[in-house]
């Protein structure tokens, strides 16, 4: 009962946040100078043409009217028509979303693996030089944002040691059998590991850039809570049972130390997804973020709206999922 | 234990020192850029395009760090870039700190509907990808230094607001606040004289962090070509330009990248160092 | 017959400091015997137990001396072998049952893990054994308790679980570090009786750490009095209560309420006695340093 009420409350605040976000974006972009219709037509188009198209996209109505039309459309699953691409917004956005999700999830996996490994190494060799080195690495990793890491990776691995691709999502020369946009997932299902490998080689650099700051955060926080846990009585007790230090860390301390890190990963993962916008641009990766920047440059109002709402929805869903996982993993909450 | 503590303290000291020195040097370069820089940062010399830095074959001693594809001096552009970067860092950082901290203090101390309103607003803001939001704002505001500063404040006030709100709530629960209330001191007085001074160290640490972020945002916006003007010597603009000629002239990208890296790192380490220095537990 | 546990001249010190935390500690325990370790807070009682079990804090290590369990010299074993040997022959009953159980695991694996992982029992056998043990510690519904999480049990129940877990592998040596201080008085008595019962039934050698001389008189056959990491008196319990030899022991005894006569007036430990024993410890330190 308590859990159900908590979830309902969360859903309510979620909808408030989403509607708020929709309102903010809607009104901010209506103030954008520059006429998107004029940008879309060839130079020298007649005033009449511009007026006709403006009316077609409903841009001649008042802002409030436009918002109402848009909102009723959204409730019918209609997010309007992209001005620059002349297609319905939702299919466009949903077509790009999988690329961004795959990139973000890959980055998350890298961050968890690197951050987790660093935290465990740091605890295993606590109070030694190794731990100091890890602390320094964490400090640098935390201070430098993904944008700079991306550029550094481009210089190091794109130019000096060209082992990975630094542009695009997949080699254009390859024949694509895909029916969904989840290329990585589908290539595994189809057992096309050649394509899978090509995708990973394209994704690795942008994903790593996104992952480094998160890896540092995970490493720092997890190491700290592991170290606190290592002093607790039940950990000491399990040592006397004959377990090795590694076993004690992994199966006694880790499950309890992981919870605070987990809640943090939720928020940080939304930051990471926010980072894909510029990272996709840097690596010419055809995801939602790259499309978003184009949409802003083209003043494509319906498309911008659609993309921002999808991002906002994604963020709130992630936060909800993390909170629920937390409740499930914590025996104290589970039985409360 | 004792010697361990000592070495931690020394390490913290070195961190503050190193980052402070770098920021100081950069600030001086920014301040005296026109006097120091060897060339006009905008002067093009099409016959001296893509000259390598001084230690490489084919370099020209007049261009220590080489030139970009239009033959502009990389060193001079870096020095003038510091000017723009530090102006943005200072103004945007302070403005963001003031706006965000005010709202955070209000929410954390007043509680009630003020808190609900501000917290909802923060939630809504957190639902936007910040880079997209920034680009959108620049599209609305137009390019230029002022627009960038406004955009940074509009996007990043939440960072201060969240932390300061939590901190103000902590402080409000402390006994010294209760006794001030019992003593009948007015609420405004308590907020300004009791709570703010205790939250200030947190704000200062965040401020230096925010300055680094402001530098990055400016670079990102220049990179997306929305910052100031295409040939103004900004670090982000230099990076964007270097990105296109990365295979022919890596130094056009590498030098501004290195400078940006060290500056952002120094801002954050300086903040951390300050926080530790003022942390009564560690001191 | 040689003793089951022998500690000879054991010294431990904080890294990088001259100060010893344990100062040439020697004692021995036979099978089925209980040795009480008493002394004021910070005397090093827990440190002795930790040194034997190999769980000294990372800043402290053994600098000299021997620990022999069943004739085997622990210092001479490889760390991994020592760990397994301790796991199979010795067990700890910890002081605070609230923090000594892993909050994220059910009770059953916390009792059986040693049997399954270290001693190679099958899960089913270990489960049967766990039920048996929970019966032995007088838990009425072992099924339910085994499926519970620690936070669902009371402090007394948790201490019973920890005792069951300690006796799971039929240890020949148990170290009980103030096993009842964290419990309230009525529960204390039951737990004490329980430990005694199990110790007798399994004829375990036991080190019983406590502040309370009253408890020592009920549970132990012999006792060692500790001051500043040094044993100032080794004695049998009857002899001790007839008349301790060391002045510090006498003062300690005078400061303890007598279970035979709880109304007798208590004497605070005299300053001069403390000064004398502190001086004695320092003198012994000087001699020790000389001998090295």
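Think of it as A, B and C in the order they're written, each chain with its own count starting at 1.
We take it that a residue touches a chain if its C-beta (ideal position, glycine included) is under 8 Å from a C-beta of that chain, and two chains touch if they have at least 3 such contacts.
Predicted, not measured: the structure shown is a model, and the values here were computed from it.
Trainee: Which chain has its C-alpha centroid at the greatest distance from the C-alpha centroid of subunit A?
Mentor: Max centre-to-centre separation from subunit A belongs to C.
Trainee: Indicate, using Cα centroids, the chain positioned nearest the centre of all protein chains shown.
Mentor: Per-chain C-alpha centroids ranked by distance to the global centroid put A first.
Trainee: Rounded to a whole Å, what is the gap between the Cα centroids of subunit B and subunit C?
Mentor: For subunit B versus subunit C, the centre distance works out to 57 Å.
Trainee: Approximately how many whole Å separate the CA-defined centres of subunit A and subunit B?
Mentor: Chain centroid spacing, subunit A to subunit B, equals 23 Å.
Trainee: Roughly how many whole angstrom separate the Cα centroids of subunit A and subunit C?
Mentor: 53
Trainee: Could you list which residues of subunit A touch at least two other chains?
Mentor: 127
Trainee: Could you list the positions in subunit B whose residues touch two or more of the other chains?
Mentor: none
Trainee: Going by the contact rule set out above, which residues of subunit A touch subunit C in the complex?
Mentor: Within the complex, subunit A touches subunit C at residues 126-127, 232-244, 247, 252, 255-256, 329-332, 335.
Trainee: Which positions of subunit C touch subunit A when the two form their complex?
Mentor: 53-55, 58, 80, 83-88, 90-92, 94-96, 99-105, 113-114, 117-118, 149, 151-152, 162
Trainee: Within the complex, which stretch of subunit B touches subunit A?
Mentor: Touching subunit A: residues 4, 120-121, 123-124, 126-132, 135-137, 139-140, 142, 212-213, 216, 219-220, 223-224, 239, 243, 246-247, 250, 253-254, 257, 260-261, 264-265, 267-269, 272 of subunit B.
Trainee: Flag every residue of subunit A that touches subunit B in the complex, lowest number first.
Mentor: Those in contact with subunit B are residues 13, 16-18, 20-21, 24-25, 28-29, 31-34, 127, 139-140, 142-145, 147-148, 151-152, 154-155, 158-160, 270, 273-278, 281-282, 289, 292-293, 296-297, 299, 304, 307-308, 311-312, 315-316.
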